[in-house]
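Before anything else, here is the set of structures, which you'll find just below.
The two complexes that follow have chain A in common; it is paired with chain B in the first and with chain C in the second.
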Partner chain A sequence: MPPLHGLEERLASWAEFERGPRPQDLTVRLKRVEDVPAAVAELCAAGMALASLVATDEEATADRDLKLRYVFEPASHSLRPLPDMFVTLLASLDPARPELPSIAVEVPAANWHEREAQDLFGIVFSGHPDPRPLVVHDGWPKGLYPLRKRFAAGQRPPVEPGEEFPHLLVEGEGVLEVPVGPIHAGIIEPGHFRFSTVGESVLNLEARLFYTHRGLEKRIEGMTTIDAFHVAERVCGVCSVAHGLGFCEAAEQIAEIEMPVRARGLRTLALELERLYNHLGDIGNIAAGASYHYGTSAGLRMKEAIQQVGERLTGNRFLRGLLVPGGVRFDLSAELARSIEAAMAATAEALASLMERIENNPTVIDRLDTTGLLSLPDAIALGMTGVGARASGVDRDARRDHPHAAYGTASDLNVTVVTESDGDVHARLNVRAAEARESMRLVRALLASLPSGPLRVPMPEALPPWRIGLAAIESPRGAAIHWLRSDSAGRVDRYHLRSASYANWPAVPLAAQSSIIPDFPLVNKSFELCYSCTDR
Partner chain B sequence: MLTALLRSLRTGVVTIRYPDEPAQPPERFRGAPRVSPGAMMATLPQPSVCPSGAIAARPGQSRYTIDRARCLYCGRCAEASLDGAIELGRQVELSARKRESLVVEVESDAAGRAVALPGPPRGEEVAETIRRTLGRSLQLRHLDSGSCNACDWELTALLNPVYDVRRLGVDFVASPRHADGVIVTGPVTRNLELAVRRTYEAVPEPRVVIAVGACASSGGIVGRSYASAGGVAEVLPVDVFIPGCPPRPEAIIFGILLAVGRVAERAP
Partner chain C sequence: MDNTAAIGKIVAQAGLLVLLGPLVTGFIQKLKARLQCRQGASLWQPYRDLAKLLRKGTVQSDSASPFFRAIPVLVLAATVTTTVMLPVLWAPAGAARLPMGDAILLLALLALARFLCAIGALDAGGAFGGMGASREMTVGLLVEPAMMMAVFSVAVAGGTTDLVHLAARRGMLPALAWQAPDLLALFAMLVLALAETGRIPVDNPDTHLELTMLHEGMLLEHSGPGLACIVLATHTKQIVILTLVAALFFPLGLAEGSEPLEIALAGGALFAKLFALATFLGLVESSYAKLRFFRVPQFLGLGLVCAFLALALRIL
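What follows is the complex of A and B.
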């Protein structure tokens, strides 16, 4: 394995190595939990970046421990072309005293992951710079950890009196604190934003999320693959295909099922239609943020047209119901292919016209340029992904770097990754438009050369026990990392989804701090992050 | 400016005429599952095929129920049933004023065939004050109580040029103080329960509560847990339940009009 040459030697005294979860992946089993920061430093020095952190409660197994799996992926330019592999750093914790050093100062991307494991598993990350609760809010009883196995799923603990949203207080002459949300003025998901301002300038913004935490990762435990799939498909409405696919690929990996080529092609088609309607709607939403209502209407109409085509293909406007573990449920008819083709032609024309109108409208461009700046070093440090990362110059896309579905299986299914360097709202708009065009190209390529073959292969009702599946899917909002493990009965023992929005949210307050308050909706819309797949 | 105007004129009217003209879902649309009249009870699928637990068959009793509020409209029950014992309807107008009206039930006759049981009496008529005060212009405050955002995006779609719900006098407003009611998506999470109650209390009376989607109507795939109340009715008095995962835009329009008595409930 050339890219990580020498890593095993450097970690040899602290760890044992094994292949997995996938054949090309590496798992590094640390002997002592205290060595986590040093091992993480070695991985980062080797050009790897933290993709996910998965906590599991294995107290009832022979290991009698809590485990943390730090999942790393190749990220540095020195490793290009990025190899499709994950390195899992595995640490075992004593359930009676689950404590270890935090890595959040050195690796900002670990900040939320550690706070989540603290809230849901009771793991203490000593030295964490901001150990406030993240997922559980005011009134959650101390010492109760819902993702520990002994916590019964149906429990509804009483609300206990406690401090209301502890946050950084900005003081001084003329400083005004503006609370916004969780219920917003428009039709948007709930989150709370606390702005500290002087005049119109934002000095500090604190975002509080996880209002829509539905306990889905707990809910899914003990479910059969097929039932669990329907939950994964509903973690997020506008990423239904991407999240459903991630769960399917992880489960199919565990079951050692090879996906037929036609099913792969149809899954890819659905994934690109999903990306397309999202990007088109989001272009309209950026126009809304800039008070350009013609653009809002045009964006919403394009989105609607693609959702209607999606409903003809899948029976659902959010493309739910097409995927199933083991393949797809519906085929593409010649008539459907023609209606998708027609929608592509109409959309290509409408998008070109809208983008031209935006670019030639100085009052709109004035709102977009230099607004909501995010630098490349910040985007890398936060572990950002998707449109927001690429608009700041991060050249990564899971369709190319962790090929899934049918990407890379034919030359015209290689994805051209689009990047911009300005890192402002305008750059994020341009990346979206370019990616929407690339999605249309991919859709046409798929329609032109969809291979024939079966749609489904039999999926065993029970998975082989105690196996791990790991999949990275490029959702409309960026790479989502799915981690799944089967239990002794072949049902779901643990499923963890690190969505793209989860990785990207910490960037929003950072980008907003260079702006004025009236620009916040525009900055927020330019990232267009999802609350429900962050909060789960 | 002029080219934008010309383009708009060339495009013409894209708005649908629902409810004056019926909704036209595509061929693959999956509507409400129902037991085919006269189907053999033995050909009905096991309740465990339903990923959201919407199907119940009480052992020892020859009854079989499907809860359309909990249903995800995934069609697995129809796929798993023999001889088309469960078929999927094509009607989008499934909204009901009473939660019980969304549970359909069949019973076995002596020959083992399914016979539909009469549902509970239809929900009471809309109060005269609601019809008179809100029946023409209805301003709603959207309340996301922990949805997956699919229902939210369908509410947004109601404002796009295709559905344009404002043509019916319905609009979404920024403040509960300006609203005639709340339209709620999501199962009411623990972290939002206080905000849900406070928003509702801020709406002046008379007011309506509309629950949109499987999660809001029944808890749906989320259920009741440490993080979820298991449906809006656990927290607020619901006037109309709109089933679906998510319901189509026309289904939501129908439910909104039903809440203020502008349309009549349709038979299941």
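What follows is the complex of A and C.
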């Protein structure tokens, strides 16, 4: 592990080290929780970035504590090529008085993670700059923490009269508050946006989400692998393959199962088809945000064609049902392979034509350029991932940095990561178009060299007890980090998903503040984040 | 008797205009859909939408005053009244014409309708209504004087602001033969018509995104029959603007008497003109994106400058 050379010495006085969860990973067990900020600072100085924060309630185990796991991954340029590893910083908290210093000021990416752990576990992060509730909304009883093991999932807590949520107030002459949502005019999910404006310019924007928190992480506890998989696959409609795959890979890691090559290829194929239909639809959505009707229809049309071949492959327009822990359920027929090939050819042509029309239409380009700016330092500080991050110049892609499925197993399955530097809507559109082209290339490469072999291997009913699986999957919206642990019976003890949208949402209000109100829908659509991935 | 017949004709052609209004919208929607390779809704969909709204109940914001209920009716009345001032099928030359109002009153009534709509939007107290009203008034500020100037550039040569007289005289007066100022004024009117009919690149009538709305933003608080009135007023305003452009620049085929052949010819000419102008709106709407809001004044400034030049050239 040469890039992190010296880290162990520097942390040695505070911590113990062990390998894991995967052989190449490192777990740093802190002796005192007060040392968390110092240890985090060391990791950040070594070029690591926070990927996820997983809290677990282990009061019923021998440890009798709450544990926090800060999962870090290599991010800095000095570590390139980025090694595929995670460093987990483990802190143990007293369940009677779970309190520790916050790192949100130094690591803004930790902001939501800490607030979520505060709401769902009752952990107090002292010195957090914004300790307002995040996940639980007005009326949720105080002192009731749903992800604690002693909270029974079936209960229906009484609704307490809630105070109005303390939105940040902007004061001054001519400042107008514009509340938008949570119910919107389009068929989208709920989110409340509170604009403080002067005239048409946005002074401040606060986004409030988590209106439909479903408690899926709680629901999944105690389930068998296969049942839990079905829930994970359904966290979100448009990332079904990515989330399903993340759960499968984490479970297969725990079960120590080697995936057959053909199954890997088919999973990669489904993942790329999912990315492709998302990116094509999102290009259409950006056109809709600019009120460019032709582009909207063209985007929808391309998306539909890909969803239809996806349905023939998996039986579902959202590509559900193909994956299963241990492999895939369906094979690819030669006839279907030809259909996918034909769809790729038609889509490549349609995409080229649409992008040419957009680039040659000054009214469209004028809407896209310099709209919704997000700078590279902001993107890094917020821990952004996916298209939004790459459009601001963050050269990261889990397909290359944490190879999963069949990526990197052959030279033509190495992913070319596309970045732009402008960080505006136009850059995000260009990244999407380039990634869609790359996805089509990958699909063709997969179809051309799909290895033969079995589709699935037997998966044990019960997982080996008390093991952790950790997987990073590049979903259409960016890297999603799946963290899974088995319990003593080999069922799910705790599952945590840090979706790409979860990491990216805080960037939307920031980017919107450089725009005028009528441009917000366009800025929002250029990120195209998902609510259900966030409201797990 | 003569007057009664004349009034009958005027009311008949005004009624025809109101009836055809939704069809023009339906046609533009269909054209846009076909240009996007979609099937699109039927030509008659705007009529069905109106019938649906008329059957529905009304929901009103608690903060709205009783005046809010009157707004849709007043907006519709102001807009429908303008239809009697236009030559649609008949344009009798000379004294046979009754004084039913002229171009100045027509534009003033449209401005009144816009004002009422904005007042209603502010009255309901919603944030989107206020934003829509503020934007619509900004656009109105730029469109109305420019449109006045474009109309005057023709009226100055015709010696009257009565649109029916203007249209009837256009073919006869040598001073009204097509000249450079007409081209400029026509260009100005086409630019302004896009804004006045609430279409891309100024406004997007199809959007559901409240934050981007201009005209639609002002309608959000209305519902049921009240909304139907305002929607009908929007359809009517659109066809009035198109007929105004046709009356000023293409007054061909208008009937003088009531011979069936003449009427049929005038009807055909009316359809041809509306078809051409609606196609223009549909094509522009399909080819461009909506402008950034702060670029709208630049775009409308183009119309303003052309209208001003047309008027200046005509007077000098």
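One rule holds in what follows: the second predicted complex is superposed on the first by the 536 of 536 C-alpha atoms of A that agree within 3 Å, B and C clash if a C-alpha of one lies under 4 Å from a C-alpha of the other, contacts with A are read in each partner's own complex, and residues count from 1 in each chain.
Keep this in mind: a residue touches a chain if its C-beta (ideal position, glycine included) is under 8 Å from a C-beta of that chain, and two chains touch if they have at least 3 such contacts.
Every value quoted in this text rests on a predicted model; they were computed, and no experiment measured them.
K.L.:
Between chain B and chain C, positioned on chain A by superposition, is the outcome a clash or a fit?
P.N.:
fit
K.L.:
Mind working out whether A:R301 is in touch with chain B, chain C, both or neither, as first, second, both or neither?
P.N.:
In the superposed model, A:R301 contacts both chain B and chain C.
K.L.:
Tell me the contact category for A:F151 with respect to chain B and chain C: first, second, both or neither.
P.N.:
The first partner, chain B, only.
K.L.:
Touching A:S240, do we find chain B (first), chain C (second), both, or neither?
P.N.:
In the superposed model, A:S240 contacts chain B only, not chain C.
K.L.:
Who contacts more of chain A, chain B or chain C?
P.N.:
Counting contacted residues of chain A, the larger count belongs to B.
K.L.:
So if I put the vertex at the Cα centre of chain A, how wide is the angle out to the Cα centres of chain B and chain C? Nearest 10 degrees is fine.
P.N.:
60
K.L.:
Touch test for A:E177: chain B only (first), chain C only (second), both, or neither?
P.N.:
Once the two structures are laid over each other on A, A:E177 reaches chain C alone.
K.L.:
Classify the contacts of A:G186 with the two partner chains as first (chain B alone), second (chain C alone), both, or neither.
P.N.:
Once the two structures are laid over each other on A, A:G186 reaches both partners.
K.L.:
Looking at A:H213, would you say it contacts chain B, chain C, both, or neither? Reply first, second, both or neither.
P.N.:
Touch status of A:H213: first partner only.
K.L.:
First (chain B), second (chain C), both or neither: which does A:L203 touch?
P.N.:
Neither partner.
K.L.:
Using the touch definition from the top, say if A:A290 reaches chain B (first), chain C (second), both or neither.
P.N.:
second
K.L.:
State whether A:L455 touches chain B only (first), chain C only (second), both chains, or neither.
P.N.:
After superposition on chain A, A:L455 lies in contact with neither partner.
K.L.:
If you've got the overlay open, could you tell me the nearest Cα approach between chain B and chain C in whole angstrom?
P.N.:
5
K.L.:
Identify the overlap between the chain B-contacting and the chain C-contacting residues of chain A.
P.N.:
Residues 185-186, 294, 297, 301, which sit in both footprints.
K.L.:
Residues of chain A touching chain C in their complex?
P.N.:
Answer in residue numbers: 176-180, 185-186, 200, 287, 289-294, 296-298, 301, 361, 363-364, 366-367, 516-521.
K.L.:
Flag every residue of chain C that touches chain A in the complex, lowest number first.
P.N.:
32, 35-38, 127-128, 130-131, 135, 200-201, 204, 206-212, 285-295
K.L.:
In the complex, go through chain A and note every residue touching chain B.
P.N.:
Contacts found on chain A: 136-137, 140, 146, 151, 153-157, 182-183, 185-190, 210-216, 218-219, 226-227, 229-231, 234-238, 240, 281, 294, 297, 300-301, 303-304, 307-308, 311-318, 320-321, 329-330, 353, 357, 530-532, 535.
K.L.:
Under the stated contact criterion, what part of chain B meets chain A in this complex?
P.N.:
Touching chain A from chain B are residues 3-4, 7, 14, 25-30, 51-52, 72-76, 79, 142-144, 146-157, 159-162, 172, 174-176, 186-187, 189-192, 195, 199, 220-228, 245-246, 248.
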